[in-house]
Amino acid sequence: MQAFVKQNALNIVIWALLLTMPFLMNAVGGYTQLGTQVVVLGLAAMALNFLLGHTGVLSFGHAAYFGLGAYGVGLTIRYFEQSTLLGLLAGVVLGAVAAAVIGPLIVRRRGVYFAMVTIAFGQVFYFIAVRWNKVTGGDDGLTNWARHDINLGFTKITLVNEPIHFYYFALFFFAVAVAIMAAILRSPFGRVLLAIRENERRTRFLGINVNFHIWASWLISCTFMALAGALFALQNNFVDPHSLYWTQSGIFVIMCVLGGMRSFWGPLVGAAIYVVLQDYLSSVVSDYWQFFVGLVFVAVVLFFPRGFMGALRRRTAE
Amino acid sequence: MSFLDVDNVSKHFGSLIAVDGVSMKVEKGECRAVIGPNGAGKTTFFNLITGMLPLTTGRVALDGQDLAGIDPSQRVKMGMARTFQITEIFPEMTVRENIRIPVEVQAGLHMSTRMPAHLRGPLNERVDQLIEEGGLTRIANRYAGELSHGDQRACEIMMALALNPRILLLDEPTAGMGDDETYAVARLIKRIHRESHMTIVLVEHDMRVVFNLADKITVLAEGRPLAEGTPAEITANEKVQSAYLGGEA
Amino acid sequence: MTQLILFNVANGLIIGAFYALMAIGLSLIMSLSDVINFAHGGFLAVGAYLAFTLTPYVGFWGGLLLAPVLTAIIGLIVEKFLISRVYGRDPLYSLLLTFGLAFMFEDGTRWIWGAQSLPYEVPSWLMQPLSQQYFFLTGYRLFMIALVAIAVGGLFYVMSKTRLGLRIRAGTLDLETVSVLGVNVRVLRNLNFGIGIYLAGLAGVLAAGQLGLEPTIGASVIMPSFVAIIIGGLGSLTGTLLGGLLIGVASGLTGVFLPPASEAVIYVMMALVLLVRPQGLLGEEGRF
């Protein structure tokens, strides 16, 4: 028992915080929606980090799949079916299909070139969202739809106007997604992904088709990204085309770095720091908060490159 | 037909001819060394065998199968494992993890998102066995990136062996090592050759290693075959002597 | 109809020339320093606004001459004190650094010059249409094309004939050897960055006259510039020039037939190129 606690101390702390977040938020004067944002954007950052930190592939275009998930759920609920769960599924499928199709075009690229191709590809979806006014609402975003309560037959989950319920709804999907990613990373397949990060050439000379593995990792990463985007849209009952603009991709990357890319939980920590910081900045320097976000990027790169968890680990190691 | 049959291969880089009409037949269970003065085309020749570079002319066959058009990672699957002049390992993983990955790949698990329960025990045993054979037991839980040159090389060789290859290709296995490390690595290769009758081809510049290990030696000079024979024959060969003396003068 | 098509092709060529100027600079920096300069659009905006500020004092021609040079000097400083510090580290960090700079430039210009669009005066004789029938062929448009041609021609001359250009080209192929031969790689990368930013600043001044001044002008051209590089082939300046003009014209023509798709079409072209010729039209396979 003691050994278990010692080995899983970090996991226990993180889950305890996540499970009590709405109450903690109230205690420190925050609000539940802020906690939901941490969970949803944390899932997005962890999904990106599956590719970025654990497979070692420089993806800079992940906002596109986040946005596709968001539009998937919004369009489904607005035009087809008043069902939260069906919309969620549609969002995830939309993101996954787009990633699966684009994947083969980009997996042969590496390094900064991969970054450039992924971020450029993301723009297609942005322009579709902005220009296809009639359907997507264009620049104003997709409105006139909202999440619904879920009727499971034996019981009903009320999500409308219940931020705390929605928090636990989002946390449930977060937990499933994170558990799947953790299980994959501990499996033989996951170890091959880590091997690609460590040394691509060696991995190729173990007889591995590296491009195919990167494609698979990209697909997994983008699928969970779409899930996060769909949850984000459900939280706001709104889809903003800027959620798939290229600058948003950079923000997901900075979350990973801010928290620590080499750590499993790092991106969640990074997302939490970012959400709180953004909330604070936009209240203090409302018009120019983006300038200070840029300053944070520069400062992290120059002074804090290993991120929060990286610094923590180094300190405990010493 | 020989096990590894390299037939009249050439490699041109534009107008530069790096390898010019070299043939080599390696039998099953043989340890073959490829030597030559600097610029003899050893590394290019090696890369032609492993498929890192495409052939300009000629043909390479393994166990009767022509390897034309087969890319390096597929050649590995066909049983052709290799190590590199500059050691290629997974630096931020422990030695055990370094060995474990090729063991799992060899078991066909590289796409599995779950470890089948019945394989857990046998694969762990296999990892332990390879660690022990490589003399890595005492450092099994250290990060590979922190190890000495010689230990990293031993780790890399055991990673290649974990794939159960039919032929092992070693590119300058003792490059950049001191005497003690060179001796340890040479002893490891010799033991692998003796105990598992592994077919080995190695490019090497250290003559003590070559004469200690090789059953037969192929000598290249300026991209062309100069001589081939047992260590004793090569020592006695006047052309080889003058090429080496000429190369060093 | 013919006139409409010609109008859009002409417009496309001009926009394409901007993309090409931007893309060539980006490509130079990327090839030699392995850095994607996300702040490139920010430098374009700085060039445009500097020209706006300088014009009352030095006139249109003085602004045209000075603004790109000042922008390039800012570029040299940014490279020396910020970007050069992350060379040799994981390329991720250089991307994040320039990404942050892009944010800072955009909000910084908004801070200094305001968020609303500003008028930028071009000499009126340059704005006269040259022909009644083809009213869109103003002198300024031809002048822009001529200037872009001169700038690109000048760059090609520098790259193929001067010592600096030869060293830059050698450095993109094999930086280690160049450094062993005694070239100061730090200085080389700094100057190369400056050349790229000069082109961005020049594009900014020209864009100000054509499109007007807004803090977001930089952000809107950077992605198409990436597409120009990918289509043309990284490492090939001629290819990048071609890629820029090509997507400009394609975007213009799509604007005639299916206006909502005029932006998205270039990304479809990029997908096709990656599918059929992954190294780009004039790129070499195997480099990236």
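The first chain written gets the first letter, and so on, giving A, B and C; residue counts start at 1 in each chain.
Keep this in mind: contacts are C-beta pairs under 8 Å (C-beta built on N, C-alpha and C of every residue); 3 or more make two chains touch, one makes a residue touch a chain.
Here the structure is a predicted model, which means the values were calculated and not measured.
Of all the chains shown, whose C-alpha centre falls nearest the centre of every protein C-alpha atom combined?
Central by C-alpha mean position: chain A.
If I rank A-C and A-B by number of C-beta contact pairs, which comes first?
So, comparing the two chain pairs, more contacts are at A-C.
Farthest chain from chain B, going by mean C-alpha coordinates, please.
Relative to chain B, the chain whose C-alpha centre sits farthest away is C.
Which whole number of Å gives the spacing of the CA centres of chain B and chain C?
Once rounded, the distance between the two centres reads 48 Å.
How many Å are there between the centre of chain A and the centre of chain C, using C-alpha atoms for each centre?
Distance between chain centres, rounded to whole Å: 32 Å.
Just give me the whole-number Å value for how far the CA centre of chain A lies from that of chain B.
43
Would you mind writing out the residues of chain A in touch with chain C in their complex?
52, 58, 60, 102, 105-106, 108-113, 115-117, 119-121, 123-124, 127-128, 131-133, 246-247, 250, 253-254, 257, 287-288, 290-291, 293-298, 300-302, 305
Under the touch definition given earlier, write down the residues of chain B that touch chain A in their complex.
Residue positions touching the partner: 72-74, 76-77, 81-82, 84, 88-93, 97, 100-102, 104-105, 109-115, 159, 163.
Quick one: in the complex, what on chain A touches chain B?
Residues in contact with chain B: 183-184, 187-192, 194-195, 198-199, 201-202, 204-210, 213, 216.
Quick one: which bits of chain C touch chain A in the complex? Just the residue numbers, please.
30, 34-36, 38, 82, 85-86, 89, 91-97, 99-108, 110-111, 219, 223, 226-227, 229-230, 234, 260-261, 263-264, 267-268, 270-271, 274-275, 278, 288
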